[in-house]
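Could you have a look at this structure, given as C-alpha cells, before my questions?
The first chain written gets the first letter, and so on, giving A, B, C and D; residue counts start at 1 in each chain.
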C-alpha cells in the first residue's frame, strides 16, 4: 500500500537544508522522490521547496509525520505542510451572472482535471442553477443587497464552515468580499480579474482597456487579500487584439483568457504547487 | 515608369466613401491597387483607409494629386496624405546608454528592413558613438544637465530642423522631452517604454514589475504626447517570466521585447501604416 | 427595416474591382458599409473581398441580388456569395469519446458566441448523450464497425441532408470520413487536428510530439479535403511545454488549444469570414 | 575567495540520490546552494540534476572534485560534469551570408549576455568580415566547393582544435557538416533551423511554410546530430502570420524568431543548463 504525498516548505535559506529534508524523508519513511523543486530568493534569503514522494511505510500519517518532522522544522524555522494526494480538498465556487468560468471549472472537474470535492456553488443570482443541477453540485442562492450584505456573508461563511471548505474560488463573483471573509481564508480564496494586473484594476477593466487602446488584453488569477486586486498574482495570460476588435469581441477574447488563468491557478493550488511570499507567488508547475 | 504610392485617409464615415476614393484613383491616374485596408469606428462614426497603388501616369506628383484630390477631400472633410514609396523619410534616433534598441534599428536599417534616411544619432552620452561610426551615421553628442536642458533641446531641435527630420525615435533616451519638443513633431516621435502600458508608467518599470510579482513582462511603443507614457500605443508584446527570473534576467528578457515593439512601430510608421485617433492607433499591417 | 448582409467575392485581380463592387452596392441598394476587407495575391493575380453592409432597401433579397449582381460577377469572373446575417446556418457536430471540444462549442452556442442552428450531434459512442440532452440538441448514435462503415455513413449523410446542414464540425470525431462524404460538403467540413500541422499528421500526434521532444505543442483547425490532414488550415495555436509536462499534462494543455482553434474556425466560418484558395485560407477576422 | 560552480548529473533514478549529492557537497566543500533543479523521467527511470553552488574551500578544483566525487559517481552510475563559472568556454561561430543571427550573437556577447570567449567566426563567404572586425573577433574565410568540401572541413577542424573550441554555433551556416565533424563535437554544435521542427525539415522551410498556408511560423535551435534537422531540440518559438504576410514579410518575422531561439540556446548551453537524453533536452532555465 503505497501513499503519495506533497511536502511544501518555506523558511530562511540555510546551508544543508535540502540535505536535511531528503535525509529525513529517507530515514523516516524510506521514500521515493517523484518530483522535487526548490526556489531561493537570494535577496531576501528565503528558501522554498516542494517535494512529491511515495512511501510504503504505513506509519506515515499526517500526525506521525508532524511529530517526526517537528525537530527539523523547528531547527530551520520552517513553515510547512504535508498533504496526501488522495485527500481531496473541499472547494466552493462563488459566481454571479457570467458563467463562462464556472462552466469551464465544472467541465474540468467532471473530466478529472481538477481533483477536488466540489461542495457547493454559491451565487447572488439564479443563473447558475441549471449548470449546478446538470453537474449535480449543491447550489446556494444568496441574493445580496446593500442592506443585507453583512448578514448574507455570515450565511455564506456558515455554509463554508459546515462543509469544511478548504478553497474558495471567485469565478466572476461580482461582489466585494469583506476583510473578515478574507481573513477566514488566507491564501485560500482565488479570484480571476479580467485584466493584465496591475493594469486596469477595479470595475470594467475591458472597457478601460478598450479606451486606452492597448494591443493585448489580459486576465489574471490571484489570491484575494484585503486590498482589492492587490493580492499575489498566480497566473496571467494575454491575447492580441486590433482595431477590428470592438468591445464585444474584446470581451469574448478576454473570457477565453479568464477561463485559462483561473483553471490553471485552481489546478496548481489543488496540487500544492503554489507558495506565496512578499505578495508574490512561487509556482512549482 | 511606374510609381508606387500610399494614400492615407481619415474622415467622418459616410456612404460612398470607398467608391469615391477608388473611382477618383482610377479616373485620375488609372491605378492598380496593390493593397487596400479600411477601418470604421461605428461608435464615433469615423472612417480610416490606406490604399497602396501603382500608377504609370507621369502626371501623378504630390502637387498634382493634391490639386486633383482636393474637391473630394473637401466634400468628405478628409484628413489625408499621399506619399510615394521611393521618397525616403528622414529619421533621427535619440539614445542614452542602453544601446540594444539602437543596435537593432541600425542593423535592420542596414539590411533594408527599415527603409529610411538615417540622418543622425543624438545622445546625451558618448556610448553610442562606436556603433554610429560603424554604421556611418552622423553622431551628435548633446550632454544634458538640469541647467542646460532647455538650451540643449534648442540645439537638438535645430539639428532636426536642419536635417528636415520627419520622424524622431526615442530608443531608450532617458530624458523627458519638453512639450515644445513634442509639439514640433506631433505623431512623429516614437518612444519605447519598457512595460506593458498602462501598467508601470514612469521610472524603473522592470523593478516595479518585479516587485509586483507579475507573470508576464511587456514592452510598448507609442507616439509621444505631452503627457508622459500616455500617448497612443502602437505595439505591445509580452513574455513569460517565473520565480527563476531575478531582476537581471527579467531585464534581459524585456530588452528583447523592446527591440521588437520599437522596430515594428518604426517600420509601420515608415510604411504609412498607422493612423491615430482618440489616443489610439489603427494599424494597417 | 434594415438588413445586414455579407458579400464574399473572389476572382482574378483586375483594375477597378473595388470601385465596381462599391458602386454597385450603392446604386442598387444604397448600402452603408459596416466593414470591408480585401486581399490580393500578387503572385497568382487573385482578388478576395468581404463586404459587410446594411441596406434598408426591401427589394434586397438573395434572388434579387443575384439577378442584379450577375452582370458584374460575369464581367469579372467572380465566385461570390451573399448571405443575410439573420439567416442562421444549420450545423451538425460529429464527436467520439473526447468531449472537450463538443462541450466548448455547446457552451459558446448557448451564450450566443456561435450564431447558428445546431441541428444535431452525431456520434459513434454514447458518451456525448448527456451533454446533448442538457443543451437540448438532437443526438444520433451511429456506431461504426469496419463492416458497417459505409452504410453508417449513408445514414449520416441522410441525416445531414434531411436537416439541410450547411456545416459539419468534426469535434474530435475519430473516424476517417470517406471521399464521398467530403465531396458532399466541400469547404464545409471543419476538423480539429491535435498538432501544429504539418507536423505530426496522422494518429496520436501528442504521443509523437512528446517523443520528438518539441518545446511547443499545437493544434490546428482546417477544412477537410480528400487527403487526411492536408486541407486548408484555418487557425493554429501553440503553447509552451517543458520536461515537467509528461504525456498527460501535455495532452491536457493541448486540449485547451483544440477548443480555441476549433471554436475560432467555426465562428469565422459562420461569419462568412473565410475564403479558401490554393489550399490556403484568407481570414477576414 | 569564493568560487561558484555548476554540477550537472544524469544517471538511473535511485532512492537517496539527492541526499547523497547534497551531503557530499556539504561534507566535502561546505557549499552554499544557489540553485538546484532536478528532473525525473519516470518512464525511463532516469534522474537529472543541476546544482549551482558556492564554496570558499580552496581545495575545490576540478581535479580535486573529480577525485572526491568519484565514489559517489561510480555508486550511482552517474554521467556528470562540474564547471567553475569563471571558466569561459571557447566558442566558434559558423555563418554564411545571412548575418542576422551572427549580428545578434555578437551584440549579446559584447553586452555580457553571452559569457564566453569568442575565438573565431568561420564563413564560406566574405560578408561577415566587417562585423567580425567591428567586434574584433578573428575571421576565417573558408570558401567551399563540392570538390574542396572535405579538405575545407579538415582545415576548419584544425582551427577549432587549435583554439580548443568547446562549442560550435551554426548561425545560418548553409553547408551540411559531415558526420566526422559532428562526431568531433557531440552535443556541442548548436544549429538554428528556420522552421517549427519537425515541420519543414530540409531546404527552404519558409517557402514550404508559405506554400502550406500555416498560420504561425517558427524557428528551432537544436544540437546537431548525424541526421539533418533531427537532433535534440533546445528551444522553439513561433509568431503569427496572416494572408498579409507575403514571403518577404514572413521571412523577416522568422528572422526575429531565429535570433531569439538561437541566442537562448547558446546562453543555456554556456550556463550548463541543458542535459540531453533520448533525443530530447532537459532545460534548467
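Just so it is clear, a residue touches a chain if its C-beta (ideal position, glycine included) is under 8 Å from a C-beta of that chain, and two chains touch if they have at least 3 such contacts.
Since we're looking at a predicted model, the values are computed, not measured.
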{"item": "Matching chain pair for B-C (criterion: over half of the contact pairs shared, by residue number), options A-B, C-D or A-D", "value": "A-D"}
{"item": "Chain whose average C-alpha position is farthest from subunit C's own", "value": "D"}
{"item": "Subunit A and subunit B, separation of their C-alpha mean positions in angstrom", "value": "42"}
{"item": "Cα-centroid distance, subunit A relative to subunit C, in whole angstrom", "value": "36"}
{"item": "Overlap residues in subunit B, where contacts from two or more other chains coincide", "value": "35, 42, 244"}
{"item": "In the complex with subunit B, residue positions of subunit D that touch it", "value": "99-100, 103, 107, 111, 113, 134, 244, 252, 256, 260, 285"}
{"item": "Subunit B partner contacts - residues on subunit C that touch it in the complex", "value": "15-19, 22-23, 26, 30-38, 40, 42, 240"}
{"item": "Subunit B contact footprint on subunit A (complex, rising order)", "value": "39, 41-43, 196-200, 212-216, 218, 220, 232-238, 242-244, 246, 278-283"}
